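Order of writing sets the labels: A, B, C and D. Residues in every chain begin at 1.
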Amino acid sequence: MSARFRPAHADAPAFNAVLIGAALAVAFMLLVLPLAAVFVEALRRGLPVALDAIVEEDSLAAIRLTLVVAAITVPLNLVGGVAAAWAVAKCDFPGKRLLVTLIELPFSVSPVIAGLVFVLIFGAQGWLGGWLQARDIQVIFALPGLVLATVFVTFPFVARTVMPLMQEQGREEEEAAATLGATGFQTFWRVTLPNVKWALLSGVLLCNARAMGEFGAVSVVSGHIRGETNTMPLHVEILYNEYQFAGAFAVAALLALLGLVTLAAKSILERLSGRPSGGAA
Amino acid sequence: MPPHGPATPRRALIGGALALAAHGAIRPASAQQATLLNVSYDPTRELYREYNAAFARQWQARTGQALRVNTSHGGSGRQARSVIDGLQADVVTLALAYDIDAIAERGLIARNWMARLPFNSAPYTSTIVFLVRRGNPKAIRDWGDLLKPDVRIITPNPKTSGGARWNYLAFWGWALRQPGGSAATAEAATRQLFRQVPVLDTGARGSLTTFAQRAQGDVFLSWENEAHLALEEFREAGLEIVYPRFSILAEPSVAVVDGNVDRRGTRAAAEAYLQGLYAPEGQALAAKHFYRPRDAALLAANAARFPRMELITVDDSFGGWAEAQRLHFNDGGVFDRITAR
Amino acid sequence: MSATLIHARPARVAPVPGLGLSLGVTIAWAGLIVVIPLAALAIKPWELGVAGVLASLADPRVVSALSVSFGAALAAALVALPLGLLLAWAIVRLEFPGRRVLDGAIDLPFALPTAVAGIALTALLAPNGWLGAPLMAAFGWQIAYTQAGIVAALVFVGLPFIVRTVEPVLRDMGRDAEEAAATLGATRPQALARVVLPALAPSLLTGFGLAFARGVGEYGSVIFIAGNMPMQTEIAPLLIVIRLEQFDYAGAAAVGLAMLLLSFAILLGLNLLQRALRRGRR
Amino acid sequence: MTVSVENVHRRFGAAAALDGVSLEVAPGEFVALLGPSGSGKTTLLRVLAGLEGTDAGRVGIGGRDMTGVPARERGVGVVFQHYALFRHMTVFDNVAFGLGVRPRAERPTRAETARRVRELLELVRIPELERRYPDQLSGGQRQRVALARALAIQPRLLLLDEPFGALDALVRKEVRRWVRRLHDELGIATILVTHDQEEAMEMADRVAVMERGRIVQCDAPSALLDAPATAFVAGFVGEAARIPCAVRHGVAHFDPLPLPPMRVALPDGPAQAFVRPHETLAGPGEGAVLRLVRAGTAGEARAVVEAGEATLDALLHPQGAWAVRGGACRVQLRAAQVFGAAGAQARALPLVERAGVRA
C-alpha cells in the first residue's frame, strides 16, 4: 500500500537518478576519457608496436630508473612520515603546528620550484656546486637529484594519511603499553603500527603512485640523457617529441597501468581493512 | 604484514643505498666503457642517433676503445642551462652560438670556441622555411603573406626555443628589407605577426605537434630539416613545404666542453666526435637528415633538396648573437614589448 | 605516585615514549627535504637586491603569468568544488551499479603522470579532439590553447583532492542530522542548505584549498594544453622555466618565492576562514 | 488515542523488521518499547517519526492518518540515540531550528523565537549554555539540548531513542527521573525505545516488549513481571532462571535436577519453567551445593546455589550458621511460571506446602 513511501530525509528517486547520471557523466568526461585516450593512442598502431616501444632498450632503462627512484623514495618517506606522525600524534612539544605546516608545505609548492631549489643548492652554480664538483660527486642530473626531487614532491603523502588516524586513536593504548613495561619501540611496533597499518599502506601506495608519475620536478633536475637519467614520464615526453606517438602513449599507458594497479591495491586494502579512508592529497 | 614488516623498510633502504652507489652517485673518472655525452637541442635527434652509432664504430676501429655516445635533447636554452648547472656534457651541439657563449661565460668552454673548428664551429647549416597544409589554401608564398589577417601562424616561444629565435630574426630581417623598412616598422610587423600566433609551445617539437596533430594554425615556421621530417612523420596530415625567397642562415654550433672533458679524460674522443661532423661521412649524414652540409660538392649534389635562397646572417644583420639576444629576447627586450598588451 | 615523593620538584613524565627519536627523525627529515631547499628559494632572489626583486616581479609578464596561474587555479577549484561534492555524494549516499568503480576512478588523476594527463587532455580537447571537435562544432567553443584549457587541466588535477576530503566527512556525518532536521519540520532543501552544507563546509574549504594550491603550481599537465601565449595563457611555473633558461636564477627564484608566498597567504586565509566556520568546535 | 499503530509490516530485504505490529498510546501516556537489539523497536520508532516507510498497515497520530506522511509534516519530536545535534550551530540555534524552518506565514518573529528558545532552555535547566556549541557540552547537557530542540516544535508525540545510553550510570538515574517528571508536567504522549528493562520499568506507564518484529506483550510493568505472556517475556523481563522440565499428569518434573516437582495445570509434554530469585528458597538439606552466601540489600540473606547443572539465585531460608560456602543445601521453589507447548502457560505451585516454607 505505501511501498513507495519515501522518508522525508531522502531525495526523490528521479532526483537521485539525475545525480547519479551527472556524477557518472562528470567521472566519464573528466576521469575516464583522458585515461581511455591514453590507451587508444597507445594501441593506434597495434599492440605489437606498443609492446616494441616498451621493450626497447631506452624504455627499459627508463622503467628501471623509475622503479629504482620509487624504491628509494618510498622507504625514505615511509620512515620520515611515520616518525612525523608519531611525534605529532602521540607527543606534545612546542612548535607542533609549525611542524605540521612544514610537512604539508610541499603540496603547495610547484613541482617546477621543487626542481629549482635543488638546482640552487646542488647545481654547479649553486651553494654546494663547487664543493661537489671538486669531489666529482654528481647530485643533480643523476640519480640522487631525481630521488631528492621525488622525495620532496611525495614528502607529505605518508605523514598526511597516517597522522589523522593516529591522532584519532589517541594515546590510551600507547600509555597502556607503557604501563605494561613496553619500550618505545616495542610500543610502536606492537601497538601503534598494527592500528595504522592499512592507512600506512594506503599512504605508501599513494606516495609510490606519485613518485612514479612525477614529471615537473624531475624534469628540471634530470638532464634528459636517454638510457641514463630519463624516468618513465620523461621518456614519454622524449618519445612524444620524436613523433613516436604510439610509443609515447604505450609507455604512458604502462605508467598509467602501474598507477592503476597501485590504486586497485589501495582500494582492496581499504576494503579488507573495512575502513574507508580519506587518503587523498 | 607484522612478521615481514620489520625487514621491509630496512631492506629497501639498504637496497636503495646499493642502487644509489651502483648507479654512479659518485662517478669514477675512468669507466670501463668510455662514454660521451652530447647535449643537443630538439630537432637533432634523428641525425645524432645515426651519427653516434657511426662514430662509435669508427672510434672503436681507430682506437680499439668501446664507446657509447649518449645524447640529451631539449630546448636549446634549457640544455645550455643544464650544462651550466653541472650536466656532464662532453660536447654541446646547440641551436645557437649564443647558448654556447653562455656556457663559455661560466668558464666551462674556452672563450674562443667558435674559432676552434671550421665555419664558425657550425658543421652544417639550416634555415627557416614554411610548412603549410595541403594545397597551400591560404596561398602563403613569402613572409609578407604571413600578415594576411586570416592567417594563423604556429611558432615556438623565442624565449625558450632556439629555432623560434631564428624564426623571429628571419621575419625581422625581412621586414627591415621592405621599402621604408626601419626598426620601428619591423617591430610593428613583428608585433602583428605574434598577434596571429594562437599557441606558443616551448619547443619546436611541441609546436609541430600542435600544428600537424592538433590542426592548429595555417603555417608553421620551421627549421628546414624539421619540415622535411614532418612530411614523413605526419604523412596523413598532408603538409607541404614552402620555400620563401628570403630567409636566415641558421648556424647550429658545436663545441667541446673543456671543463668536463678534461676532468673526465674524454677530450680526444670529444674532439674527434666533432671533427667527424666535418668529415665526408658526417656531412653526408647531415645532408641525409636535411641539414645543409658545408661541403660544397655535397651541397651541389643535393641542390634539388636544398633550394637556393637569399640568406641573411645574424652577424651581418643583427651584430652578432649577444647583441640580438640582448636587444630582442632578454627580459624587457623587444619580444617582451611586442607581446605585452 | 611515589615519584612525587622521590623528586623534590614535580617531574614531567612523557606519557608516551619515543618523542626524542621520532622528533629527531622528523626534524632531520623535514629540515633536509623541506626547510633547506625552501630556504635556498627564499634567499636566492635577494641577490638582485630589494629593488631588483620588486622590478623583476613588477614586469607585466610576471604579473600576468601570476594572475593567470592564480586565476585559473581559483576558477578550477571553484568548478571542481560542486563536481567534487557531487562525486563524493554519489559515492557515499547513492546506490547504483558501478559505484565501486567510480570510487576507484576518483584517484585516476593521482595515478596518471601529469605530463601524460596533459597530453591526453590536449588530445581530447583540441579543436580536432574527441571532445574538442563536438564542442567546437556545436557551440564554437575552443577549450585547448585558451584559459579554459588551463582550467580544464586543473579541474582534472584538483578533483580528487576535493572528493577525498569531503568524502570521509560525509560518510562520518551519517544521516542523523538530516533526519533530525526532517522531524523538526525542515523541508529537504532546508535540511540540505542549513544542515548538510554547513556541516560539510570546513571539508569543502579544505579540499578547495588543496585543489587550489595544487593548481597554482601545476606544470606538467598544463603546459601542453595552455597555448603559452605571453600575457594570455602563460602560467607562472612556465615563466620560472623560461627565466631559468635565460640563466636568470635569481629572477626564477623570485617568481617561485612570490608564488609560494601568495599561495601561502591564500591558504592561511582559507585556514582562518575555516577556523571561523568551526568556531567553538573542538 | 494519540498513537494508533495497526498491523504494520516492514521488511528489509528478506528480514521482517516489523511483522504485524499494533500499538495504541493514550494521550499523556508514557510507553516504553523494550526488546533486544534487532527486535524492531527502533524501526517502529522510525516508522512513527516518518523516517521509515511501511509495507503494510496504518499509522495514526492524534487522530490523523499519518501513513505515508513525511516526517516534516508529522509534528513528532524525536530525541535521537546520539542526539544528532547540529554541530555547526550553537545550542540556541539548535533549539530554534524547528521554528526557523517553518513556512514564512507560520514562522514566529525573531523575538518570539528567542523567547520560546529561552523558555525551553529554562525548562531543561541549561539557560546558561545557549551560546555554546555541541562539542563544548557534556553528554547530559547535549541530551537536554536534544530534548529542548524536540520540544520546540510543540510535538503531539515525543519519541526517545535510547536517549540515556551515552550517559554514565549516576547521571542516567537522575536524568531518567527528571525526564519522567517533565513528561508528567507537559503531558505529551511519549514513547521510549530502550533495551534496558530497568529503565523501561522505572519510567513507563506501560511497557511493550518486542521480539522479532512483534509486540509480544504490552502491559504495566508489574503485570509483565507477574503475568508474562510468553516464555520470551518471562525470560527477558525481570530476573529469572530458565529451567527445562517435563509435565506429566499435571505435575512438572525437573529431573535430573534436584528440585521438587510442582503441580501445574498444563498438558503433558516438555516445558520451560521460569523461576525468580525471590521464589527460590535454599534451606538445610541435601541435593544442592551453596556456592555463595551474601547479605541482600533489604536485610535478607541471598545465596547462589548449584543444583545439578543449574545455577540459581535463591533466598537463604532460614538464615543461620548452617549456611556455609560449599556446604550442602536443599532447594525449593515457591512458585514458577511454566510454558508448555504451543504457548500454553500456567503458574506452578509446590505439591505439598510445608509449615515454615510459606514466607
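The rule is short, and it goes like this: contacts are C-beta pairs under 8 Å (C-beta built on N, C-alpha and C of every residue); 3 or more make two chains touch, one makes a residue touch a chain.
A quick note: this is a predicted structure, and the numbers were derived from the prediction, not measured.
A.B. asks: Which chain is most remote from chain B in terms of Cα centres?
C.D. replies: Most remote chain from chain B, centroid-wise, comes out as D.
A.B. asks: Which of the chain pairs holds the record for C-beta pairs in contact?
C.D. replies: Summing C-beta contacts for every pairing gives the maximum at A-C.
A.B. asks: Could you work out how far the Cα centre of chain B sits from that of chain C, in whole Å?
C.D. replies: Roughly 36 Å, centre to centre.
A.B. asks: Approximately how many whole Å separate the CA-defined centres of chain A and chain C?
C.D. replies: 15
A.B. asks: Report, in whole Å, the distance between the mean C-alpha point of chain A and the mean C-alpha point of chain D.
C.D. replies: 54
A.B. asks: Among the residues of chain C, pick out those that touch two or more other chains and give their numbers.
C.D. replies: Residues 123, 179, 181-182, 241, 244 of chain C each touch two or more of the other chains.
A.B. asks: Quick one: which residues in chain B touch 2 or more of the other chains?
C.D. replies: Only 84, 206, 213 qualify.
A.B. asks: Name the residues of chain A that each touch 2 or more other chains.
C.D. replies: Where chain A meets two or more other chains at a single residue, that happens at 7-9, 76, 79, 119, 125-126, 240.
A.B. asks: Quick check on the complex: what are the chain A residues that touch chain B?
C.D. replies: 68, 71-72, 74-76, 78-79, 119, 122-126, 129, 132-133, 135-144, 147, 189, 193-194, 197, 201, 223-228, 238, 240-243, 245
A.B. asks: Please output the residues of chain C touching chain A within their complex, sorted ascending.
C.D. replies: Listed in rising order, the residues are 14-19, 21-23, 25-27, 29-30, 33-38, 40-41, 44, 83, 86-87, 89-90, 94, 96, 98, 100, 102-117, 119-121, 123-124, 130-131, 155-156, 159-161, 163-165, 167-169, 171, 175, 178-179, 181-182, 188, 191, 207, 210, 213-214, 216-220, 236-237, 240-241, 244, 249, 252-253, 256, 259-260, 263-264, 267.
A.B. asks: Quick one: in the complex, what on chain C touches chain D?
C.D. replies: Against chain D, the touching part of chain C is residues 176-177, 179-187, 190, 194-195, 198-199, 201, 277-282.
A.B. asks: For the complex, give me every residue of chain B touching chain A.
C.D. replies: 1-2, 5-6, 8-9, 12-13, 15-16, 19-20, 23-27, 29, 37, 42, 45-46, 70-74, 82, 84-88, 106, 203, 205-206, 208-209, 213, 229, 233-234, 263
A.B. asks: Name, in rising order, each residue of chain B that touches chain C in their complex.
C.D. replies: 75, 77-78, 80-81, 84, 102, 157, 159-160, 197-202, 206, 210, 213-216, 329-332, 336, 339-341
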